[in-house]
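My questions will all concern the structure given below.
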């Protein structure tokens, strides 16, 4: 069985990464590739790293182009997925890398995006409690945001085991590809190289409600999230430093045991040996998550640091992993687990 | 009046930055430059950026070399300053860029450094309450650590105005020069480029007690600090993201007013206009601090982000600023206030 | 005597660097700052590194704004300087950082820029033979391109001493600030970090005729130039690797002697000791040029490598150095000679 | 058939990259991993990106450890391969990533390495004329140096078609991983970020005779090479800018045709469409080479720019490609052809 996959938004960073993974996937054949302003162009001119697909030409993002595939990946600007998905049959697997179907609460969507809520789909983070079951056989998948992927995996075991107070503080550094190919002055190489800067401070970043949703669901009570994203001088990678006040009586052993148990059977999430901390370089291009935890007794806080590649596990790898689950393929098929380092 | 200044440890990053600033200082003449393993070498071979001093030769770090100067800057490994300073007369101004005389509590020193406590000197962060008076006319100065410079300036106004609960959470990114020229595998360019990683997590970094000391003094009560430093792919700069739970009744206006008042007369600390956030690039090579504050009502926290150059305001600039105060010179003499950007 | 200086194009990288230098210049007071699409904005929003000028507001680039100054720096897109300069009196010193008045041959201009030739002004590279005299007392100055600055200084001594065949091969790496703040996809941080790429290959870069002009003038015969610029993952700096076949009978000693003689009295150009090679880091933010030469006997070629900061000696520093000469000030006034490194 | 492969030198950058590729190779099972000073350590502590092999422990580089494998990859310091290889049976495939067996002329070896010449093995650059035949069925392979890989592929078609004069001028930029994990001051992140610098100028780099050997063999006459390597602020990648005077009568069409013909059937070498130039980002982690050519008529020179990943096609990928040929496997098995970009 070879499945035909289309990618809408193939000229962007998420689309390019999806294609990198699909080329290496033994059960997928690459079908239509679409773009908006880039329709008609050679893929090789836009994504020179995709050498084997260089002669492919982008088509418009239209129903007649996308229909007839087994899987359609949507890597479109936020707010555009609902209309495209509505035109695709219920038997087609639609994997949306946009935000449209991630949030379950319409009020959250309205507050952060300002448009009508399109609904919610099974959430493509299989490592979360209950997620794998919901994804198995699904025909619609909402791929998580890159930050929520890192943060949810960093903190859910602490909340699942009731070890942490429900006020999380998160500071995360991201590579610039997280902002896409948008032509904005602050994303110019001259501005980002040699520089760190925050943005979306004070709870205004759109990934905040998604983190709250995930952590609250696990905790069984509302978890507040103070989230500060920062832009780092690198192309890829997220390093999320997450902390919360420890519940009374916590020990370092209990903390470590909770994380060990949560991830002992997970193929893509690695709790590092004690004393070793993650780096984003080690997951560059891989669908892996590296984690370490510590209990700072003096400050009374649990600290968890997670490293992911925002484009791989944080977007395209998560999408392919979810696709595998939805289609009944081995979950790790076609997914690299080794970072390209140094 | 031209003062003769010696620099002990002139081959390192801190020593090199002190020299860059002193060359531009109108009242200072550069005297002896010393090194340890590099004694006998041309400075130009070790610090090629110091073109006007290229033919100077490093001498050994010895009393007879350092004596006879008006000012001696010590840029030595931690624990070596006390012995050198003891040999210099009480009339000589000694500015120590090491940690030896920063901490006032011997128990803190013992816990984090493991050697006997050498004592404490006037603390070279003039912007802290009371510090400027203590530095005026001083003959011994302890220059703060780079992280405590950024963090103390970021948070002290909130504690001085009793706006924040006494539990600070800090995640800071630093350029690699903060680790000095030590030949360690994780500091190789191949390892750090394109990568973010944490270190000293869980309260183990030696700058933690210094932050606690500064913030507790201002707050008038013990402030706990959860501090996570991270290594960023850049040579210079610290971006410190600091937060604390807001005291009940806080408003965004009161928060901003407290910071405005704290820094309205400070020449080197700039509270940015609302909506603009700092970047480390904007303070590259400058003795400036850029700050922004926000009140995240949903999470109930105050967020302050500060950017400094770890080698300038964070070390050598702070040292020269303190020297100016100690010697009765204009505080800003010889100190660049413009970052080299982009 | 304090001179009032205006900067047209103050929102760009060249304009920002001119302002950084002028703030530190003891004989200059900063007058009008102008922009085009950014007129009306706070400078602090556009150039956050210029903290002391943050509250200055950009005015439109218009004659009435620029007139009444002693010096006007033009940091405008190519082709716009002539019209502005024509409106300024002959007594005003106009220093043009654009290309408009660099080329003496109208055919060269026409071929590479495609518009009518505006003429040529005294050339702001004082280290070239004859240039210093032409700049002294001048009221119009054409600041060289950044690449021609590096390449001309790297190769002219070899041609002046008739040591090299008239066919130069140059490969140069530049930081991204050389391309300005233009919003182009290939200048995004995501694209440039971790990547080297060439552009303008095969003699098509507009700086090529300027190099040919300079080297041919010194050689007294036409010198051909094969020039390949490459974009490097750094914000600033040019490393120019220049070579030419050695004339028969050359010795390494004669080569070194020619460079030693050419630069023995130059304050900003440093021939490094044998065995030490330049790096762009060592001239970061400085008006300095670091050079090294070698004679590869096996290949029969002279190799010269020069490092400059494209924005400092390559643009704004060269502009201020030329201003000093034109106005009879000490040539090095206000110009940093130490790089900000590491 | 599954082959067991050992890697000697598994803690270094080349060894790590070999392992990354072998994990993805369907016909290879990973056997012994050896190190020298790191013997006894967990691989995960040294190569955290190799998550699936994290618990493997390094053994000493000894005959009894390496024997009993079908393939042994040697990623050892130069000069150590001969002794190890001599102990392995003639039926074992030994793929040497060091320099020991690359040069055919003992005088070249002696001049550049200063030790007795060990001999020469089939040269692992299958794209060179005659190389593929020599590699098929071989039991000893000398993997080319990273620079010679890029330069030989960039220039051999021009020499094979007698289009270029036999004097090549090459300036190449490399990522820092090319220098390995050696703890040297100039390789520290603080030194390399934001900086370009040359090294081994004037024909002294040890890869020079290897380039001369390859190009002269194709040209049928001695080709001189002026080679200037430069260190760029990136972890991986080589951008080689190569040029030579055109032979009389050359046309741009003939030049392009020669390259088109040379590479039309090569799976890993891509001559880009006219007007598109290579970047190292596009081959990051891939076994691909991107090439472009131009004829600069004014300067009379052919320019070829090639981008490779020094660790993949330039070392480990070339090694695996040669292994495939030697063992009769499909040449591209297990080799990624898509770069990890952005």
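Going by the order they are written in, the chains are A, B, C and D; count residues from 1 in each one.
Please note the rule applied: a contact is a pair of C-beta atoms (placed from the backbone, for glycine too) under 8 Å apart; a residue touches a chain by one contact, two chains touch by 3 or more.
As the structure is a prediction and not an experimental result, all values here were calculated from the model.
Colleague: Count the C-beta contact pairs for A-D and for A-C, then tell me which is higher.
Modeller: A-D
Colleague: Greatest Cα-centroid separation from chain C: which chain?
Modeller: Most distant chain from chain C: A.
Colleague: Take the average of all CA coordinates in chain A, do the same for chain C, and state the distance between these two points in whole angstrom.
Modeller: The computed centroid separation for chain A versus chain C comes out at 45 Å.
Colleague: For chain A and chain D, what's the span in angstrom between their mean Cα positions?
Modeller: Whole-Å distance between the two chain centres: 35.
Colleague: Going by the contact rule already set, what residues in chain D reach two or more other chains?
Modeller: 13, 175, 177, 188, 190-191, 193-194, 233-236, 278-279, 281-282, 284, 341-342
Colleague: Where on chain C does chain D make contact in their complex?
Modeller: 167, 169, 171, 173, 175, 188, 190-191, 193-199, 201-203, 224-228, 230, 232-237, 239, 241, 243, 245, 277-282, 284, 292, 294-301, 303, 305, 307, 341-342
Colleague: Help me check something: in the complex, which residues belonging to chain A touch chain D?
Modeller: 13, 16, 19-20, 23-24, 42, 44-45, 47-52, 54, 176-177, 193-194, 235-236, 270, 272-273, 276, 278-279, 281-286, 288, 290, 336-342
Colleague: For the complex, which residues does chain D have touching chain B?
Modeller: 13, 175-177, 179, 181, 183-185, 187-194, 233-235
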